[in-house]
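Following this line, the structures themselves.
Each of the two complexes below includes subunit A, the first together with subunit B, the second together with subunit C.
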Partner chain A sequence: MSRKKNLLGMLLVVPGVLFVVFFMLVPLFSLCLTSFFPQQSFSFSSYWGLFKDVYFQQVFMRSMRLSLLSTFVCALLGFPTAYYISKHSKHKGMMMAFAVFPMFTSPVIRSFSWMVILGKRGIVNNFLVAIGLFAKPQSLLYNEFSMTVGFVQLFLPQMILSLIGVMDNIPDDLTLAAGNLGAGRLRSFFEVVFPLSVSGLVTGSVLVFTGCMTAYTTPQLLGGADTRVLSTMVYQYAMSLRDWTQASVVAVVMIVVTMLVSSVFNTVSKKVNPIA
Partner chain B sequence: MKKHFGLGLITFLVYVFLIGPLLVIALASFSETKALVFPGKGFTLEWYAKVLTMTSFIESAKLSIVIAIAGTAIALLLGLPAAYALNRFRFKGKEFIKTLFLSPVLIPCIVLGFIMLRYVVNAYDLEVVPSLLIGHTLLSIPYVMRVVTSSLANFDFATEEAACSLGATRVYTFFNVVLPNIKSGIASACIMSVINSFNNVSLSAFLTGPGVTMLPIEIMSYVEYHFDPTIAAIATILMVATLGVMLLIEKTLGLQSVV
Partner chain C sequence: MALLELSGITAGYDKNIILKDFNLSVEKGEFVSLLGSSGCGKTTCLRLIAGFSEPMAGTMTFDGKDYTHVPLHKRNFGFVFQSYALFPHLTVFDNVAFGLKMRKMDKETIRKEVMHMLEVVDLKGFENRFPREMSGGQRQRVALARALVIKPDLLMFDEPLSNLDAKLRVKMRVEIRRLQQELGFTAIYVTHDQEECFAISDKVAIMNKGVIEQMDTPSEIYNRPKTEFIARFVGFENFFDLERTGECTFKTKHGVTIRTEKDHAASATLKGCIRPGDVTVAPAGADLPNAISGKVMVSTFLGQHNQLNVATDIGEFVVSCDQTQVFPVGETVTLSLAANKIILID
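And now, the complex of A and B:
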């Protein structure tokens, strides 16, 4: 490889690198740096202050709880769906398209649709009043339930698509062989199909979890003032309260948590994946 | 088929859950009632007519489209040469540079918006439009890099060598040999990136200013105070546009290439 080619390569890369470094990496470092220097000297005090704050603890736990719950529900609903589409559906292309369509539709519209459905005059309320479960219509919105519903609908397509990706690669011969060797349908599912799908399940789970942890539109529209999550907290501190120090600390916590959880998921997947 | 009845039923219900709410909105947009309800009453197109008279929506939609396309174009201008160089040449820190280009997708958008506002927009006193443009370019770079890198990985560089040894210049070869081979990859990257950018809320929420705003932000603030079928009408227009884009992708590139 000649020196001239080397130089050409560098020249082609440099504008992009400068752009990302200048507009993202430097601001990111400044963010971390300032969060450790609340006053002139280095200290963890902003972080200690935050972690001791009961309000922050509640918000943090709520974010974790809703994200984990939504990930679990997505896995539970996504697995059979992906399996059916990958192995038994006659209209696979169309099914995939119907999963992609909501992904391409704005999260604002998708969250808003639940405001129509779950609201006081919504179809769910009408039904519950009609069958006598509710005496009078009551809002099912602005609580953890509506947020979870919103999250699951928002990120379920990602889970389905990543699962279909791995399930398409499982040869039908394997389940046939398991059947021939005397395994029932359930046993061949749990001992053949499931272990081979774990990598897709993990990819999907990381997407759903990080998606829920960082989503802003859904908690903003379907959550209320007392169901704040980390992302709405960052926005509130930064834009409503203009407390940039607090906003920075919460932002750093968000980055660390999403990265930590993704790497834990990935490590677990490597351990349980039989072929990796 | 009866064997898989249970699985089929779950799949059906999951799809009702995914698509149903969107249908509800579409149907509610034709309702004659003042408030947004489902099932609505009667049939009217007045809410669609109202959307067309609301300049705030029209203006913000225009800006959203311009920013999404311009941001993707700049991301392509920065990303395409970089992706080419990363595939074609050997130099120090290659892995680091690759990670760097993909990193904007790892940082939560809401954090990206916040640090852009604090350390770029406020620090250099930027106007709203250039700030949005920079932010949305950052959003698009990972999309462009990921797809272009993978289509370049499937390209046989021996073809390029052949063109060069037959006397074509490097630049000529790039535009006439390399580019035509990866153009469908580039097209699908651009479509994904434009859609993602158009729908973005958390980044734009920090960067829009009074009077200059993006469509999703405008819709969100409208929803906070109003609850009428106008929003349902806008949502339906956007969904029809999305379907149109999807059909276009299916006809030209195949939907499989973008997911």
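And now, the complex of A and C:
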């Protein structure tokens, strides 16, 4: 009986495992191989070459900066929103729908709408000029600012959803208990709600960070020629320059960095909430 | 003046009124239990006192001061949640220390107080565990320690023992009572368990549909219920209408004379009631005081004794009789109501 069950369980897992092995692990492995075999023999030379390249350093730093900043802004905006929706909203379903609504439109469309909004004749510029802050329209597009705006809007729903997920599991009795023991609202938020939400914050941050690092359309459409990031760089190497080795080196760097940053997030969360 | 006084409280959720013109007063050092059927508003009442919600009308005074709108974190009341509500991310030590930390005590004092309280609840050596690594009974004691260590002016318990097995329940309730007498705190205790409530309290308040029907000492409640609801609650099953004919003498609507030993009622028409165990069953025609004749309808074996349902002129009686007595269904019998066990309800 239990053996039969085991067999059945294994059969159910097989398609998924095969899919992951053939379409993810194998390509990933060959990607790594490519990056270490610039010529016929094994060598780190492509890596050294890349790391010493000032242009790459700039792009790398920009990617990190934009991704971290966007993650931070998403956390800052997402936390209160999620807290409100989870704990204080009377119309939770509707609020959730609003929060995730942007996910139903493609990143391309969303980037285009930002181009309209932030353009020289967009409402933001019109407004800034109208209130007399600037004499003539500013260029708000094709720079790190517009990219951050695009990233935040693109990934905020992920952050909010992850946070709501954990906040819904914090019993109201815990905040009441904290209050009963003498903690004011702010205090009980920081002593109870925040530490217990950290796991959601980490999940959300990993999603947002990874998303920002790997997003292609948004930086391509909202960034300019001098604001290249790692993902657009990979595209450039692979498609424009046909340099597959270099492209795979950058790709491997992206994977490693994403994994490192995720594990840093996790370590920090363990400090705040040891049982998470 | 009583320590805690609720007067004319109306409370509920949205449009749903649960407590209506609710009154309660608790003396300093008293252990009061709230007893009542599920959904009658016990938790609502406790949460109101704790300040988790505000009443729609009415006032609450504590120690002579108006507490109706005092925010919960300024009340210095302890609360033991039914779910324990321990902070899962904090160790046992930090859970217990939480209230003291909020009171900005210095580290050394906190450590001393917490360790002392953990000793009181017999949890020494557990201070570095997390709540999820503890058993239900241990968690309950942590919750108790956490509420006690702040030396609350009033301690509330919302069915704190309902998640425990019967044996541990008895042990913990003795423990709670011992701590209360030792530390002298005032307590309000909510429970479903009648035995638990009688064993632990100085006073019992029985709630029905959002009001307290009677609040008295356990023995008073048990022996002298004031309303039919209370009487049913504490095990009276036989009720009958009576008409007064004199001091301690009454007559049923079929003219049978009933004498009671004590007369603590005032009305001319009233209700009598008696527990199944206080009715003697005898063969038809037996010459007994307060005799009523009836016919056995159902006989149920209950281990210690048999339970008979007997149809009489004044309603159906539930009585219990000895195993040795055999009264087959359909037989006519005489019931004798013990004069000192009949309770009169106005």
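The rule we apply is simple: the second predicted complex is superposed on the first by the 247 of 276 C-alpha atoms of A that agree within 3 Å, B and C clash if a C-alpha of one lies under 4 Å from a C-alpha of the other, contacts with A are read in each partner's own complex, and residues count from 1 in each chain.
Definition applied: a contact is a pair of C-beta atoms (placed from the backbone, for glycine too) under 8 Å apart; a residue touches a chain by one contact, two chains touch by 3 or more.
These figures come from a predicted structure and were not determined experimentally.
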Subunit B versus subunit C as contact partner of A:241, first or second or both or neither: neither
Dominant toucher of subunit A (residue count), subunit B or subunit C: B
First (subunit B), second (subunit C), both or neither touched by A:13: first
Partner chain in contact with A:100 - subunit B first, subunit C second, else both or neither: first
Partner chain(s) touched by A:117 [first = subunit B, second = subunit C, both, neither]: first
Partner chain in contact with A:182 - subunit B first, subunit C second, else both or neither: second
First (subunit B), second (subunit C), both or neither touched by A:195: second
Which superposed partner A:173 touches (first subunit B, second subunit C, both, neither): second
In the complex with subunit A, residue positions of subunit C that touch it: 47, 50-52, 71-79, 81, 83, 85, 87-89, 98-99, 102-103, 130, 132, 146, 150
Residues on subunit B engaged by subunit A in the complex (per definition of touch): 4, 7-8, 10-11, 14-15, 17-19, 21-22, 24-25, 28, 35-39, 78-79, 81-82, 84-86, 88-91, 97, 100-101, 103-104, 106-112, 114-120, 134, 137-138, 141, 195, 198-199, 201-202, 205-206, 216, 219-220, 223, 227, 231-232, 235, 238-239, 242-243, 245-246, 250, 255-256, 258-259
Residue ranges of subunit A in contact with subunit C within the complex: 171, 173-174, 176-184, 187-188, 191-192, 195-196, 273-276
Footprint of subunit B on subunit A - complex, ascending: 1, 5-6, 8-10, 12-13, 15-17, 19-21, 23-28, 30-31, 77-78, 80-81, 83-85, 88-89, 93, 95-102, 104-110, 112-117, 119, 121-123, 152-153, 156-157, 160-161, 210, 213-217, 220-221, 231, 234-235, 238-239, 244, 247-248, 251, 254-255, 258-259
